[in-house]
Structures are given as C-alpha cells and as structure tokens.
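Two complexes, one shared chain (chain A), two partners (chain B, chain C).
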Partner chain A sequence: MNKLTLTSKNFLILRIILLVGLIILVTLPFYAAIYTTIFLSTIFMYIVLTSSWAMFSGPTAQISLATAAFFGVGIYIAATLGTIMPLLVVVLIGGLVSAALALFVGGLTLRLKGIYFTIFTFGLLELMKNLLLWFEIKFTGTRGRFVVVVDYNTVYFIMLAILVLTLLTAYLIRQSKYGLALQSIGEQEEAAEHIGINVTLVKVFTFAISAFFIGAAGTIMATRWTYVDPYIAFNMNFSFTPVLMAIFGGIGPLFGPVLGAIIFAYLEEILITQFPYYYMLLFGMVMVVSVLYLPNGLIGLIQKWRARATGGEHGNS
Partner chain B sequence: MAILEGEGVTKYFGGLVAVSDVDFHVDQGEIVGLIGPNGAGKTTLFGLISAALVPKPGLIRFKGENITGLKPHQICRKGLARTFQSVKIFPNMPVISNVALGVHFGTPERVTSAQAVEEAARLLEFVGLSAMAAIPAKDLTLVNQKLLEVARALATKPEVLLLDEIMAGLNSTEIAQAMELVSKIRAQGITIFMIEHVMKAIMSVCDRIMVLHHGKKIAEGTPQEIATSETVIKVYLGE
Partner chain C sequence: MIVTILDVVIAGLLLGGLYALIAMGLSLQYGVARVLNISHGEFIMLGALTTWMLYTAFGINPLLCLVVCGPLAFILGFILHRTIYKRLSVISATPGIFEGNSMLASFGLLFIIQNLALIAWGSKIKGYSYLAVPVDLGGALFGANRLVTLGFAVLIGVAFYIFLTQTRLGKAIRAAAQDPSTAGLLGVNINLVLALCFGLGAAMAACAGMLISMSYPVNTVMGMEYTVIAIIVVVLGGLGSIPGSFIGGFILGLIGSIVTYFEPGLALVAYYIIFTILLLLKPTGLMGK
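Up next is the complex of A and B:
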C-alpha cells in the first residue's frame, strides 16, 4: 500500500515536470535565439527517430535499419507535394505513406529473424534509394528536387508536436496489453504464438506505427534542406544513428532513447564545432566506452545509482 | 464424443518420418496419455496438433471442425492450449504477467488489465505459485517454471490441454502433487492429452493410453491393457 502511494506521488511529480517542460518548449521560440530553436528541432528529430525505432526494435529485439528508408519517404513526399498542399496535410501524408510502406515490407519480412531481418531492412534503404535514382533519371530527367521552404519556427512547432505524439504513443503502447505482447514476442516468440497472440499482426502494426512518426519527421525536416536528392534523402546515417542513440541511452525504459538522443545530438554538435578533425574519432570512442561499460545505457546507470541510494534491491525497470 | 481427432497424421523432417499415419481421438472429459521411447514422435504430434507444425498429409479436427493449416494463435483461441517440453516462459517478465498475457490474448473476449491480473492471480493460486507472483519468471525453479506454463495455458481458457512432460525431473512428492493438479484440471471440465515418462503417474491418472514408436501408433488401450501388452513391453525393454 505504502509503495503504491509512493509511486503515484512520483507519478504526479513526473507529470508536473513534464508539463512545465512542455510549456517551456512551446514558448521557447518567442524568446530564445534562432540557433537554439533550430538546434532543438534537430534534437527533437533525433528523439522521434530514436523513440520510434525503440518502439518496435526495443521489445521485439529485431533490429531494424529501415529508419532512413521511412525518413527518406517522408522527405520525398515533402519534395513532391510540398508546393501543392498545406504543410500539415503533407506531414500527415508523409507519415501515412511511410506507414503503408512499413505495413507492406513488414508483412513480407517480419517472419525473418535476427540478422536476416536487419540485413533486409538495410537492403530496403538501398533499394528505395536506387529505385528513386533510376526513376528520376529515366522519367523526370532530373536528379534531385527543391523543397518548399518553411520558416524555422513552424518547423520547430510541428517537430515538437510530432515528438509529443511519438512519446505519448510509445507510452500508451507500453501501458497496454500490446506492449506486454511485444515484449513476450521478444522474449519467447513461439510461446507468444501459442497463448493466442497474433505475432505477425502485432509486429507489423507496431512497425507501421513507428514508421508513421519517422516519415512525418522526415517530411517536416526536408523543408529545412531546400534541395534533396536520393543520396541526401536516403542517407544511411539516419538508420544507424538512432540505433546508437538508443543503445547509448538505454533501450528498455521509455526515456532511455530520449536521453540518448539528447546527449548524443548535443555531443555531436559540440564535437563537430570544437573538434571538426577529430569529431568521428572522439564520437567512436564515446560509443565504444558506453557499449563496454554501460550495458543498459545511461538510464541503466541512473537506475543503478538510484537503487543504491534508496538501498533497494531491484532498480525500477 | 471425440473433441479432438486426427486422421492419417504424418510429418516428415527431410527424409526422416517423425510421425507416420497416426489416427487418434480424444473424447470430451478424458485424460489420455501419450507414451513411447525417446524420439518416438510424441512432441512432434503435439506440435502438429497445436499448429507449430503442419501435417503433410493428414487432418486434425477439433470439435468436429477441420483445424489443419490454422495458425497457432487461432488454435489457442479456439480452446486448445499446450505446454512445452523444454520450458518456454517469458523469462524477464514477472510470473503474474506471464499468466496475464494468456488471459488477455488466449480468448476472443476483451478483458481489462485489472481483470486479467485478478484472473492470473487466481490461476497462480490454483497451481500453487501465489508466493512468486512478482518475481521474474527466470528466477523460478524448473519445476515451478513448468507449473507456470500450466497456469499460462489455463489462462487461455482451453477445452483441451496438451501437457508435454510436466513431471519430468520432479521428485516423488512433486509427482504426487502434479498428479493431483492434473485431476483438479480435469475436474474443471478440461480434457487432457498428456505426454509423460513417469509410468506410475500415467498409469494411475489416465483413462486411456496411446503408444507411439518410430512415429507409428503401436498400441492403444486402458492402462491395464497397455501395462500387459506384449508389443509395448518389447518396445520398452527390447526383445
């Protein structure tokens, strides 16, 4: 009983913190520097990519490298529809087309296990890139497109909205029976099937939901780049970075990927501006150290400290 | 009336026949035992019934309906649950969540999470694991993990329960408890089809016994008939 009231109290405090944080973030563009607004939009993007990736790959332990493919689909939707439709509609379409692609490839490939699934998703990225390249050269006679430019405050607000929706969805999935089902699939897929879980359906839908947010993020981010071509849009870094960010922050808990994305994006910014020549080297070292010494990511470390501080036996996972 | 029946059920693994042209039936309310030496095809037959494997050729009917070719989750929702010989629990989840998942997904009905947890707690009490509800399933002893699998299977509200060697590795006290559990499950109106190597248990608890050898059904009858059958004795003890 005591434990119950304690957790609901913690929950209330957490909610207040989240609410205050959100208010600060919503009002920020009105008083912060332009650089802050733009930089925060980038961080939001990384949080969306990382949390969406972790939504599916976290519990199921099936590592997807298709993030950049869904992201690229969003970018190309912005490039093709940006001038003829209102921005919010374009963002929505970007998300929906990505989700549709995820439904399609998920239905075909989620039977694949482990490394085979990972390689396939990576192949999907290359396929999308080369298909577009071929299409543009063959039919439109161009390579690359201009994207309609949107002012940075609008980008910021839409990115923030996508971020809030992503985290809310991730939270709701976790709280629902489908979150539990996803975890059971990751732990013992065969048993999950035999207790009545439609494993394929649960996996494909979660994959599609995560792709929706990735695609929407791609659509709005594209407006910052003015010009895109298949190499820019389907850049494999957008597949690998979210995985690294999630590992760095901790894949399991909801806020692990968020923390990982924030610190990673910040680190990248600092390193790239302060040490442009050693940036990749330093980045690599941080990654190696975190994989070696933080098996559960930063969140795992924090939980360990908290558990030690409260003298509890189990960390709150 | 036969609630579960199979006709000419066959399964090849490559060129090796694991189950060969087996006809079987399990009547409503019965406890049927399935025995046979190692590698006889017992677990394969359970895999075929629960749709982990597809018979080729062969036909499996549940409550008169052909269920061959359905997916495992569909079979489960129709009311046919199983446990696994090599335990397949969800190791990092609390014991109670393992069972609650069965309540949530095992039947077409919708339940709230509070109802699911309540039902899971009831089932844990039924199999005697109430004290361990909150600990991760991987921390249970093997015996308790097997009981957890039984509770999880019961959570899906089965009409027929396939038990695959739940007594393997148990001491004699635990075997007695497991036998009592099997009778308690039957008393709830659940039909049981069980694989077991513990002869004492299978002879006393089953109404009828089937014997598999090299994938073929070589004998079937009451425990007395099986115990005195020359074919069965030959298979088990050699000529």
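Up next is the complex of A and C:
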C-alpha cells in the first residue's frame, strides 16, 4: 500500500515536471536567442527520429534502416509541394506519404526474418536514392531542388508539436493492449500468433505510425536547408544515427531514446563543424562499446546504480 | 554488333571478377562467422589506400602489396573477431540476437575505420597509373590492369575453393558453417575457425581493394558502395554459399555491364531491384539450401 502511494506520488511529480518543461519549451522563442531555437529544433528532430525508430524496432527487435528513406520522402514532399500548399498541410502530407510507403514496404517485407529485413530496408534507401538521382538528371535536368524557407520560430513550433505527438503516441502504445501485443511479438513471434495476434498487421501498422513522424520531421527540417539533392535527402547517416542514439540511451524505456538523442545531438553540435572526423570516430566507438557493454543503454546503467544505491531493493527493475 | 556484344560481356566479366572476390570475403564472414560485416568495404578501402600509398610514396609494385595488405588485414580481422565478436557471441542469448548485435558492432567499426582513414589520408580522390596499357580482345580494347584484376580474382577464388574442399582446415570451416555446435562436439576449435574465417574475409577484401586501386580512382569513403554490392551478391548467390558468391559476382557484373550499355545511370538501380525481388521471392538465393 505504502509503495503504491509512493509511485503515484512520483508519477504526479513527473507529470508536473513534464508540464513545466513543456511550458518553458513553448514560450522559449519569445525570450531565448535565435541560436537556442535553431539548436533545439535539431535536438527535437533527433528525438523524433530516435523515438520513432525505437517505437517499432524496440519491441519487435527488427532493426530497421529505413529511417533515412522515410525522412528523405518528407524532404522531397517539402521540395515539391512547399511552394503550392500551406506549411502544415505539407507537413501532414509528408508524414502520410511516408506512412503509406511504410505500409507498402512493411506489407511486402515484414515477413522477412531478422537480418533479411535489415538488409532490405538498407537496400530500400539506396534504391530510392539512386532512382531519384537518375530521374532528376534524366527528366528534370538538375540534380537538386530548392525548398521554401520558413522562419526559425515556425520550424521550432512545428518540430515541438511533432515531438510531443511522437512521445505521446509512443507512451499510449505502451499503455495499450496493442503495445502488449507488439511486445509479445518481439519476445516470441510464433507464440504471439498462436494466442490470436495478427502479427503482420500489428507490425506493419506500427511501422507506418513510426514512419509518419519521421516523414513529418523530414518535411519541416527540409525548410531549413533551402537546397536538397538525393544525396542530402537520402543520407544514410539518418538511418544509422537513430539506431546508435537509441541503443546508447536504452531502447526499452520511453526516455532512453530521448536521452541518447539529446546527448548525441549536443555532441554533434559542438564537434561536427570543427572536428567532423573525430565526432564520427567517437560515434563509432560509442556504438561498439554500447553493443558490447551497455545492453540496456544509459538508462539501464542508471537503474543499475540506483538499485545498488538502495541496497538491491529493486534488483530486477 | 558482335564486337559490341563481346565488349559488354568482357566488361561484365571484368567487373564480375571483382564483385566475386568482394562477395566471397563477405560470404565467409556472414556464412560461417554469422557476422553481417557492414564494415567489409572499409577493409577494401584500407587495402586500396595502402597500395596507393606504397606505390606513390615508395614506388612499390601494387601486386607486391598483396603480400603486405593481405596478411595485415587478416591479422586485423582475426583480432577483431577475437575481441569484439567472440564476446558478443557469449553475451547474446540466441543466434538471432547475435546477428543483430554483431551487425550493429560492425556499423561502429565502419565509422571507426573510415574516420581514422579520413584523419590519416583526407577525403580527396586518389589514383595512380599502373599497367594502363590497352589490350586488344577480338576488337574490343581493355586495360591490362583490368585483365590482371580478373586473373587475380579468379586465381584467389579457385585457390580458396581448393583450400575449402581439399584441406583439413577447409573441412573444419565447412563443418562450422553447417552446424557450429555439432562441429564443436566433433573436435573443431570453433572460436579459432570463426576468427580465421573473419580474418580471411578481411584479407580478401584488402586484396580486392588492392586490385580496385589499379583500375579505379580510390578515396576514403569508397567502402560503402562496395559493401552494398557485396551484400547484394551474397544474397544473390545464397547467404553462406561461397561458390554461390563467386558465380553471383559474375552474374551481377554481367547485369551491370548490360544495363550500363543501355542506360548508364541505372546500373545501381537494377542491382537493387534484382536484390529486392530476390529477397521477396527466394531469400535463400540461387545456390542456397
């Protein structure tokens, strides 16, 4: 009984912290420097990519490398529709087209087991990049396109909205029966099928939801780059980065990917302009070390320390 | 017309020899050691740039670099397997989890090797001229360096096949590929065999890199392109089948050459389309069980 009230009290405190944090973030552009808004938009983007990736790949344990493909679709929606439609509609379309692509691709390939699915998503990205490059050079005659520029605060607010929606969706999925179904698929797919879960449907649907947020993020981020070409839009690093961020932070808990994304977005910001090679080197090293020594990421490590500090009371958490 | 067909076929075979060599290396690493080594292309890059450096700075014959690059890459691969992948196989609960984890670790390695190379060599495109004399093959002209590449690829492929089928160690490797635990019970030192395979795969990649540097410009970010091709060929030939990778390499080279003849920009696209269709219809590949 005592323990129960304690956790609900903790939950209340957490809610208050989140609410205060959200209020600060929403009002930030009115008093913070422009640099802060721009930098935070980038961090939000990484959190969206990483959390969306973890939404699907976390519970199902199927490593998707299609993040950059969905992100690139969003970018090209912004480049083609940006001038003729209102921004919010374009962002929505960017998300929906990505989700539709995920439905199609997922329906075709989610039956593939383990590593085959990863290889396929990796190939998908390259296929789209090369096809688009060929198309642009052959039919439009130019390699790149210009994207309509939007002011920094608008980008910030839309990105924040996408971020809140992504985390809320991830949270709601976890709380629902649907999330439990997803979890059981990841643990034992055959067993999940036997207890009446439509495995393919649940997987494809989750894949599409995660692609929606990635595509929407790509659409709004494209407005910051002004010029895009297939190499920029379908950059493989947008597939790798979320995987590392999520693994480093911890795939299981909701805030693991968020933590990983914040740390690496910050590192990237301070290192990439001056020491790009050293940043990527560090990136690789952290990846290897995380896979070898941090099976549950930073969050897992923190939980372990806390468990040790409280005398092993929560040994299993 | 006949000259054109000959032209396309020979160009395809020349390309195919290179693909076959690259893919056999990856096939060893994935087929036996179960590591889908995304950093495979980085070993190719290391071989290519080391050859370039030795040739331009010290005037050492590229073909002699084989003696340096091959063993060095082997040792590097062997150590990597002993340190990283062996530990991963201990901490991973199932083979499936091991495949995922080892692939992620190889992503990390990709970034580590590539950026160390970028720090050492920079990102400029490099090239040198060696054996760039034209040879007439029934009316079609090809560089002698590319013919040497094909010759070496076939030589290494055949030598390796003989090694696999005729020697005791080759037998142990094949046994480990089929069923690691049973092979272990029968007295095969599994960890040693797997590390050997990983090292051999890396050595083949480095040799391929040396051959590539003779005919194409090279740079520090060239690896990924070849990794992708190696993965496609390995899937085409059947994951884990070494003869499949060898033949698959030539098939892909021919397809690439034919597509390039009609529409130069679409060769890579054609590879991916074949790859996609194959994964969906027959994921075990042409020679897979």
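As a working rule, the second predicted complex is superposed on the first by the 294 of 317 C-alpha atoms of A that agree within 3 Å, B and C clash if a C-alpha of one lies under 4 Å from a C-alpha of the other, contacts with A are read in each partner's own complex, and residues count from 1 in each chain.
Note that a residue touches a chain if its C-beta (ideal position, glycine included) is under 8 Å from a C-beta of that chain, and two chains touch if they have at least 3 such contacts.
Note that the structure is predicted; figures quoted are calculated from it, not measured.
Visitor: So, does A:F146 touch the first partner chain B, the second partner chain C, both, or neither?
Guide: Neither chain B nor chain C is touched by A:F146.
Visitor: Have a look at where A:E187 lands relative to chain B and chain C in the superposition and call it first, second, both or neither.
Guide: After superposing on A, A:E187 lies in contact with chain B but is clear of chain C.
Visitor: Who contacts more of chain A, chain B or chain C?
Guide: C
Visitor: Would you sort A:Y227 into first (chain B), second (chain C), both or neither based on which partner it touches?
Guide: neither
Visitor: Taking the superposition as given, does A:W305 touch the first partner, chain B, the second, chain C, both, or neither?
Guide: A:W305: touches no partner chain.
Visitor: Given the touch rule stated above, what does A:F11 touch, chain B (first), chain C (second), both, or neither?
Guide: Neither partner.
Visitor: Which partner does A:G196 contact after superposing on A: first (chain B), second (chain C), both, neither?
Guide: First partner only.
Visitor: Just to be sure I read the superposition right, which of the two partners does A:A61 touch: chain B = first, chain C = second, or both, or neither?
Guide: second
Visitor: Do any residues of chain A touch both chain B and chain C, and if so, which are they?
Guide: Comparing the two interfaces on chain A, one with chain B and one with chain C, no residues are shared.
Visitor: Mind pulling up the chain A residues that touch chain B in the complex?
Guide: Per the touch definition, chain A meets chain B at residues 177, 180-181, 183-184, 187-188, 190-199.
Visitor: Could you list, by residue number, the parts of chain C that touch chain A in their complex?
Guide: Residues in contact with chain A: 36, 84, 87-88, 91, 96-97, 99-101, 103-105, 107-116, 118-119, 224, 228, 231-232, 235, 263, 265-266, 268-269, 272-273, 275-276, 279-280, 283.
Visitor: Of all residues in chain A, which touch chain C in the complex?
Guide: By the definition above, chain A touches chain C via 61, 63, 108-109, 112-116, 118-120, 122-124, 126-127, 130-131, 133-134, 137-138, 236, 240, 243-244, 247, 277-278, 280-281, 283-289, 291-292, 295.
Visitor: Quick one: in the complex, what on chain B touches chain A?
Guide: Those residues of chain B that touch chain A are 50, 52, 71-73, 76-77, 81-82, 84, 88-93, 97, 100-102, 104-107, 113, 116, 152-153, 155-156.
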